[in-house]
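To start, the structure under review is shown below, and the notes come after it.
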Amino acid sequence: MRILIINPNSDLEMTAAIQRSADNFANGELDVVCKPTPGAPEFIETYEDQIRAAPGMIQLVRENEREFDAFIVACHCDPNLDVMKEITRKPVIGIGEASVKIASMLGHRFSVVSTAKHSIPNKEALIRKYHLQDLLASVRAPENETATASDEEKYLQAARSALEEDMAEVIVLGCAGMAGLDKRLEEKLGAPVLDGVTCALIIAAGLIKYGVSTSKIRRYNPEC
Amino acid sequence: MRILIINPNSDLEMTAAIQRSADNFANGELDVVCKPTPGAPEFIETYEDQIRAAPGMIQLVRENEREFDAFIVACHCDPNLDVMKEITRKPVIGIGEASVKIASMLGHRFSVVSTAKHSIPNKEALIRKYHLQDLLASVRAPENETATASDEEKYLQAARSALEEDMAEVIVLGCAGMAGLDKRLEEKLGAPVLDGVTCALIIAAGLIKYGVSTSKIRRYNPEC
Amino acid sequence: MRILIINPNSDLEMTAAIQRSADNFANGELDVVCKPTPGAPEFIETYEDQIRAAPGMIQLVRENEREFDAFIVACHCDPNLDVMKEITRKPVIGIGEASVKIASMLGHRFSVVSTAKHSIPNKEALIRKYHLQDLLASVRAPENETATASDEEKYLQAARSALEEDMAEVIVLGCAGMAGLDKRLEEKLGAPVLDGVTCALIIAAGLIKYGVSTSKIRRYNPEC
Amino acid sequence: MRILIINPNSDLEMTAAIQRSADNFANGELDVVCKPTPGAPEFIETYEDQIRAAPGMIQLVRENEREFDAFIVACHCDPNLDVMKEITRKPVIGIGEASVKIASMLGHRFSVVSTAKHSIPNKEALIRKYHLQDLLASVRAPENETATASDEEKYLQAARSALEEDMAEVIVLGCAGMAGLDKRLEEKLGAPVLDGVTCALIIAAGLIKYGVSTSKIRRYNPEC
Amino acid sequence: MRILIINPNSDLEMTAAIQRSADNFANGELDVVCKPTPGAPEFIETYEDQIRAAPGMIQLVRENEREFDAFIVACHCDPNLDVMKEITRKPVIGIGEASVKIASMLGHRFSVVSTAKHSIPNKEALIRKYHLQDLLASVRAPENETATASDEEKYLQAARSALEEDMAEVIVLGCAGMAGLDKRLEEKLGAPVLDGVTCALIIAAGLIKYGVSTSKIRRYNPEC
Amino acid sequence: MRILIINPNSDLEMTAAIQRSADNFANGELDVVCKPTPGAPEFIETYEDQIRAAPGMIQLVRENEREFDAFIVACHCDPNLDVMKEITRKPVIGIGEASVKIASMLGHRFSVVSTAKHSIPNKEALIRKYHLQDLLASVRAPENETATASDEEKYLQAARSALEEDMAEVIVLGCAGMAGLDKRLEEKLGAPVLDGVTCALIIAAGLIKYGVSTSKIRRYNPEC
């Protein structure tokens, strides 16, 4: 069972971090490879970044379709996910999609902890695309005033506010670059904290094993 | 990794069928046991049936909590799922919940094929509980006029109508007793057909491996 | 016209309080009896409490079906309401359902004042079940910091915050045990405050007089 | 306890029919008077008809506010209901509002049987105003092809189609002029059939008895 | 191309202000006339004010239908808009409707700045009528505590809070009487600020040029 | 006032047809230019087609930003609209967005007539993105069985079914390639038929004149 994790950006460090986190979950039972996207920006922040990542992402799927049994898109804004699902008959899972749907099975409402306020509208639009807007307690990004704290402390504080003020019961990490943070935050918060790549691996491995994939009846079939 | 599948009814034949289907998916990699519910009705059709199954289901969780790592409720109306999630810190997955959420990742809309017209309102209410009503193309039950056909043919016809007339792209089998039908229908329909128990096994096994479970922050914590 | 109010818990004091409040409203024109539920917990707080109350509630309906013309479930989380509606052809009204639907006719939005923060998710889920989530201004429970105040003062403060901060226009008392509080709070708040039992009596008495009851076409008919 | 039923049109025959139906329900226990609206059209069909009825409706409330304890607006499109609620501190109930909210307590979904296809959009908009659009199975009006049948037969046929094809479980009569039809249709259909005036009387009488009325906190207070 | 702007109130000063603002936008390319409504109140605040404005508004449409190519209702609560659309085959645009729909094309979410807290529920109901409630960040009215500030400063402060605290990205001026404020606020806020009359002129002029108007298929056709 | 219409495909014939239709509406008062997208596919049918059109579309905006005052994306699935809005401070309007929002002001519900059944899910997703799903009566594509008819006859038939069976009141043409069909269909149907390019020109010209554009507060600002 081989799964290709497509990191939509070209950053090698983040690619390595995702690989480590995935290996940790795979525990030798899954064969998981994470690749950066050729020609993509170093970080996916804007809509244009998403577009610039698309050709490389398509290329990665096409070049690796034979060797791999499923694909994961490892950026929490699920860039170009519809086209990924369209161009292959193998399962394709976005880490945004997988994480919010698993979150919805673990508690009343979830909050997403994001890297920056600027990304909040886009996260909200994404979660509405998956029809889960009424289960979203909030999208929280670190406040500026805590600027001297470490990133981890800022995310912890955002997550704590979500649990206490927004009535969230589950935390979703809103960036693939937060890989590894889930268990540390979970221990401090006493509530489930979900890493998107791990959630996507759960779904992707399950679908491979089950032998089901994206429906080619209509929406994701380029030839019908 | 041990998973207990709770068949909320007391029917031994259906219990065995679910066990076979689960073993087939588990493929020796998961230790899965399916048990019927002591004191439960032979079939869960009504709200009263659900209530009558509850004490035995609670007992099964309590008696098996140490030995098992996760629990699956194997009736597609997800009877007593909230109380199951409340009484244990181990993951609990309903086959209704798991199947519709996985369905939502595989195509534009899904339809549920149910055993009888009488169950349609309840299915609709369940799917709305999971906030996925706008992704539901239809709940279809076999029409009376095809009475001479086999059950399998009737379900096939209902699924085909869902794909063609209701614009569904994924089919969800709406009863644990349809175990084994998924791959046969899928082959004939050319669209994904999901068995709830298999979908729940994917999620349950994944959550165990990931080490996350139901949030005990508020809704499902009887002591807070 | 005889109405049986089923108190889903076994607490005699709360049963008596509900009886007093109902008698007060009935004013000799309705014959109303409130009974505690045999075998039920003393207070309904958790999903398991609801389940444990179910057998006694079903028994109360079955034993009293001939003598009474309608049934009221007098716990604001409407425990087991679907099964109650299923097992009898007489009207069954939940106090949660009746109070939020009457609230929706009296002002722009309503808030529910609940006993504890822990119950907020469940209340939200209940109100969404009745499709009125967009008319819900908030569910408010007393804050811890006002711990030295009396319960009545705490509920008053929660209701006042709902009116002023959450833009609620109507207050719904979120527990049958708050019986008698409605008029005292209403006087202080200058806004309608609804007691669930009274609201359910309005509907139940009206339905008896009108001669209509739960539809047995599909959802609530165990035999179709 | 005195209730004034405002018939928003000026038709004396319909006024008399509503009075008969109300007396029948009141059964001597309520003092109910139905009055036609001075200066109103003979039938309320268009938005302009609604506007033309408004001055007379306002006048009726103002002239009768002392003598009556509650007001009912007896046209199923609830014309000018917001202004009615605004100008008096006595309860005001629309028959559209009351009937669909009671319908929502009696079954999974309801259908409205209306006089003409032309009125369907307006009915849909009204029911969405009350946030119950997802509980609306359909608005049905008689089809042209059954033109030789009596009105009652046409409405019966529309209601039957709603129950069988649209999965409705409760029927709401969509015009005050259908007064008296409820019990005859109910007997033939085997499902609850609701007359709006009767539903409004249930709520109005209950609110008078309870001593609550429209919130004057904000929306319906012309002076705040 | 001649457009009649109907000011639903009878205030000559506001009529002149709207005329100036419209002339400013028209820039000699459109022939725009603003008229006060005969018999209407001086300011439209309540539901009764809306009703009292209706006869004069209908009269204005009927008397001017030949001479003008489109009508604009220039009160942000869109009073009597449905009847206006019904009685003429020329386009009729409400400034509330036009402004929120254009706002929805310019950013993630919009806020409405209103004159008084009392009007918030009505604005919310209006925006829900247009199905845009999920794009509404907030309706903001000036807080009492800033009472010494000028109206313009209060509205500026309300708009700023909407952008910063409610995550709005576009501001809609919630009263025709705020004409002229848009560009001054926009400059200070750095975000689009929309005046309803200008938005309605954009749509009305476009529809005239395009030669399309209200559909007379069903809802707005009094004769079908 | 100069507007650039970006035809996201590279087909010169369709580009010319759009130009003709735009010139016809512009009537010499607007300076409108339609350009095909360099490097784009000949027709935009799939998600991959949309991605392949993106670089050329971005290039067109960047190269023409100085000379033009607004941009229109002239494919009814609004491909890459978010990125277009992000990369320029000039207004950008999608023909899908503009047409459905104008349709929502002209009648109770609208239907989209599309070229093929395959595109229905994507259209539905697009309209839900604009929050107008509850105003969508249907997306209709020609049925196969009418295969001998001309395209125009097929679209006419689909539109007629939408008006009569789906209760639509306004028709939206679901492809830029249907330019010129609007008035011919409108005459036969007796209901408004909207061409997306014309609708977008109305909004774009209006925004230019008004001097407002996309909010750069957060979602569409790549630098904040």
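Should a chain be cited, it is by its letter among A, B, C, D, E and F, assigned in written order, with residues numbered from 1 in that chain.
Keep this in mind: a contact is a pair of C-beta atoms (placed from the backbone, for glycine too) under 8 Å apart; a residue touches a chain by one contact, two chains touch by 3 or more.
In this text, all values refer to a predicted model and were calculated from it rather than measured experimentally.
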Chain whose mean Cα position lies farthest from chain A: D
Equivalent interface positions on chain E and chain F, same or different at half: same
Between chain B and chain E, centroid-to-centroid distance (C-alpha), Å: 51
Mean-CA-position distance for chain E and chain D (Å): 32
Averaged-CA centre spacing for the pair chain C and chain A, given as whole angstrom: 42
Where chain B touches two or more other chains, by residue: 108, 120-121, 125, 134, 167, 169, 218-220
Contact set on chain A toward chain C in their complex: 108-109, 134, 167, 169
Chain C to chain A touching residues, read off their complex: 120-121, 124-125, 128, 133
Chain E - residues contacting chain F, complex: 25, 27, 29, 93, 97-98, 101-102, 104-108, 130-132, 134-135, 163, 167-170, 183, 186, 190-194, 198-199, 201-203, 205-207, 209-220
In the complex with chain B, residue positions of chain C that touch it: 45-48, 50-51, 54-55, 58, 80, 82-83, 86-87, 117-118, 120-122, 125, 129, 218-222, 224
